[in-house]
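Multiple structures are listed underneath, in structure tokens.
Below, chain A partners chain B and then partners chain C, in two separate complexes.
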Partner chain A sequence: MSYVSIFFQYASQYLKTRLTYRADALVEIISDLLSQAVNLIFILVVFGHTSLLSGWSRDEMIFIYGFFLVPFALFGAFFNIWDFTDRYIVKGEMDRILTRPIHSLFQIILERMELESLFGAVTGIVIMIVSASQLHLTFHWYDLFVFLLLAFSGAMVYAGIFISLASIGFWSDSRTDIMPMMYNIGNYGRYPVNIYNKVIRWVLTWILPFAFVGVYPSAYFLGKEEWYTYTYLTPVIGIVFFFISLFLWNKGVTKYRGAGN
Partner chain B sequence: MNYIIDVNGLRKEFKSHASRSGLKGAFRDLFTRNYSTKTAVNGISLQIKPGEMVGYIGENGAGKSTTIKMLTGILTPTSGTVSVNGMDPHRDREQFVRSIGVVFGQRSQLWWDIAVQESFRLLKKVYNVSDAFYETHMEDVISTLNIEPLLNQPVRKLSLGQRMRCELAAALIHNPPLLFLDEPTIGLDVLVKLKIREFLKKINEKYGTTILLTTHDLSDIEALCERVIMLDEGNIIYDGALQQLRENWGEGKQIQFVFSEEVSLQTLQQLTAGYLVVWEQGDNGASWTASIDDDEDIISGVIGKVVSSIKIIDLKMAETTTEEIIRNIYEEGAIRNG
Partner chain C sequence: MAKYIEMIRIRFLMMLAYRTNYYSGILIYSINIGAYYFLWSAIYGDKGSIQSLSIGQMTTYIAVAWMARAFYFNNIDREIAMEIKEGKVAIEMIRPYNYLTMKMMQGLGEGIFRILFFSLPGMVIVYFLFPVSFSAHPLTWVYFLGSILLSFMINTQINLLTGIATFFLFNNAGLIRAKRVVIDLFSGLILPISFFPGWAQTVMDYLPFKGISYIPSMIFTEGFQGVQIWNGLMNQAVWVILLFLPIGMLWTLAKRQLIVQGG
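== the complex of A and B ==
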């Protein structure tokens, strides 16, 4: 369990540094809150024109969005690897990582963590509680554990996709815009997939399974039984995609070419 | 014999594609690419015993860094076997790197924003060093490197020399038996260089640390290493004692004369007719350099003949420097008697 204690050492160091730049952290949290508010307003505006969207009500949509924020916050806090190729491959920082006795991906997670992103999870939970009370949802005691399991699985889906993309950098270090594009596609996951066309739905389920971050797990809490199969698949997809990405990463490390001096 | 580094037939090739020129070329690149294979390290073998300090030299692009990166587990070899501290660096990477220390002169091991001490503490955790060992060992390292006053400053506020000393300390936190140094003195002033050399000598004596050092500054090697390995275009062209390199190559002596008046080449050649001397003119007609064999009879003979008939203002004797020797070797491309 030395990884756990290393994690806490890094986290406390991180907080120490962050506390000396308090203003920065505050600005970041506020800008996160603003973008979340804009997304909410967007949902509200859409439902100003209609009361049902492919069978989903406004409050259900908001609940899904709230749920989506939790895995997304976990992902944002620990998998800041969108600039991996630039930072670690092109600039050769990977050399340093590889001379330390910890798994390389874990080190990058430690170095790049942004714990203030976790604040997004708080926002998400507040949004879920508010919309759940509007919808008069009832919960069982074990739903808390289901929630944790599904949220972690969602974060693993996200992490899996982005780690796989980052691994491409080991083979080719040319600049691509694939990362920002993927962030945009990821945003589709926070709306119910049946509002999209069939092809997009299929892609969001099996190829880039962002639907498992928002709508499929939320369906469980909203009592939408026709989606339960997908809900149960969420942990499976999370584990499968995460392990595929780990495999790609480990394979990629052996292909690392280093940066010239 | 147990070797701490045992490398056989080590090879590293990089595949790269050459881009064609122009827009048309770019389109063609999309479909068929011209791959070319560049061999950075061409099947080298070397053995290093525990406790040795070895200088690894070569021009830019000779394959030094690539070799070091394969020995430290950063790069996977294309072929050949590597055994360092009895392990395969790339395959057992996480276990292996616990047994080595690495300093890359152009890359920092320390965290930019936090105090040096905090960096040390993180590394201590990463290497899982016990408190008791850390206290005694690091106290020694810190006081020898004289970095106590720097411990509370963030790395970004340190000068290059100060940072380098902290880097060295950081590489030694887990007291590794083997230390890789890639250009450790690059850009440092003479005083800091001396301090660092002294420190390296000391840990070599005290802990028996084996040190493999690449550098462009040959005075580092002269000060530290008994043995040099010289690399050119991915091949080892010399592996042996520095002393021997000098004896084989630095065979000549040079005597620089400054005469009180201009002298012609003919006069000088006539004067020293009995000896094998190559005369070369210096800045003006009054200054000449005589290149001769390193032999006391010849030296005193030539000087005697010259000064007895021409008045001199100044006289200097110079031995070929290691730097010149190395330059000569690279110009000829191979080693005699090597």
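== the complex of A and C ==
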């Protein structure tokens, strides 16, 4: 059986379980919407007091936030591995994963998917459309493909960072809070990087490249040519970070010794 | 009374036993304070002050708002929800104490632990990282302490309300999450209330949330002066008293319709 058909079978199974508890799923989507609304309100209120933020206007900031939501939703839907160490290493669940005929990481992605997070992408696209019309942006026919490429690259950046962190679990299963910390650092990517100081900007570009999830790809659609170099780098960074994480993962799996019985 | 003080003590010791879990929390809060610090620096640009807060006061506001959050924040809503779901609440109810008071005391034990082992060291770290300024007036500190105690009360009462709501909703994980998001915004944690447009401020005057973060933080940064401080403290105190009403009502209703399965 191919990976694609396994994926769709897991996805349909997942939808069945979620639809059994409709109210629960609905409340979850609503509370996601609420937290996105809070972030938008923040931007709106702040721009009641200033017209430009380090050279970015209100609608540009909103556009960046809208774009950020799309890769973040893709990541949230398929890479829920923040509790990997607790769930798979400490409890010994990894034993079961390794007996499955598909790649171990893919198996975990299938088990841990949360498709309702994809609603965040819808919100993001709506936000982008609204702010784009406020900004009178013009698009070419190929921009749709550029958008898809950049959004997937952003998701790969996120996935790469978090898979790398999860791989640490293969070497050390001691409890760390590095994952929630990383989620908070990821929020830095929602805003233009030129508001930060040089060190943080450098870290956000080359070490923990969260800037490639929001501001750098958005710059392309906003026509900010001074950032184009970084926009073009986005797919490269995405692929590099994703492959580094795959390498770490595959290396880690060989180190896995199992826990308990 | 002695039994409730014992509750505070036990929760404090319990937290103390797992204190290493909290060091990373300080880092997470510092990361958040950092994000808002840079954002606000960019927003201020070369403006001297916005809504009568200078950039220095704003930085202090963010730092103290987050560190005070460590004190008033607790998960007793989730704990109550768990105990209701697992049926443990039935045992709790026949024990010789008031369940809700006991929960509040546990929250207080947690809060005291966090202010000593989280907020104080956190403040020191933040002080070295960001241009935070502390008031030299001892009275400001006294007002601030009074104010965060009241903010703990308000936040805990709201948590009790959401917790008790489990009796009626059965599964309220979503409500708990939504409540947290709403409080972050309306309490003034991420934005001082005075930055909101006028109509929104009027609405928030009628809500208890600004007593959670805005009032204590404004007192600490000395954004409130003289009579404003007293008005703020009064506002908090009134809400503490008012919130006892819905809690009492919901609790009586909940006890009447409680069905424990198994347990």
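The rule we apply is simple: the second predicted complex is superposed on the first by the 260 of 261 C-alpha atoms of A that agree within 3 Å, B and C clash if a C-alpha of one lies under 4 Å from a C-alpha of the other, contacts with A are read in each partner's own complex, and residues count from 1 in each chain.
We adopt the following convention: contacts are C-beta pairs under 8 Å (C-beta built on N, C-alpha and C of every residue); 3 or more make two chains touch, one makes a residue touch a chain.
Predicted, not measured: the structure shown is a model, and the values here were computed from it.
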Touched partner set for A:I185, first chain B, second chain C, both or neither: second
Which superposed partner A:I102 touches (first chain B, second chain C, both, neither): first
Which of chain B and chain C A:A11 touches, first, second, both or neither: neither
Greater chain A contact set [chain C / chain B]: C
Which superposed partner A:L144 touches (first chain B, second chain C, both, neither): neither
Partner chain in contact with A:T254 - chain B first, chain C second, else both or neither: first
Which superposed partner A:V27 touches (first chain B, second chain C, both, neither): second
Footprint overlap on chain A, comparing chain B with chain C: none
Chain A - residues contacting chain B, complex: 2, 5-6, 9-10, 13, 16-17, 92-96, 98-103, 254-258, 260-261
Residues of chain B defined as touching chain A within the complex: 14, 65-66, 69, 72-76, 90, 93-95, 97-98, 100, 102, 104, 106-109, 111, 113-114, 118, 121-122, 125-128, 182-183
Chain C to chain A touching residues, read off their complex: 21, 24-25, 27-28, 31-32, 34-35, 38-39, 41-45, 47, 50-51, 171, 173-175, 177-178, 181-182, 184-185, 190-191, 195-197
Of all residues in chain A, those that touch chain C in their complex: 23-24, 27-28, 30-31, 34-35, 38, 41-42, 45-46, 48-50, 52-54, 175-178, 180-181, 184-185, 187-188, 191, 195-197, 200
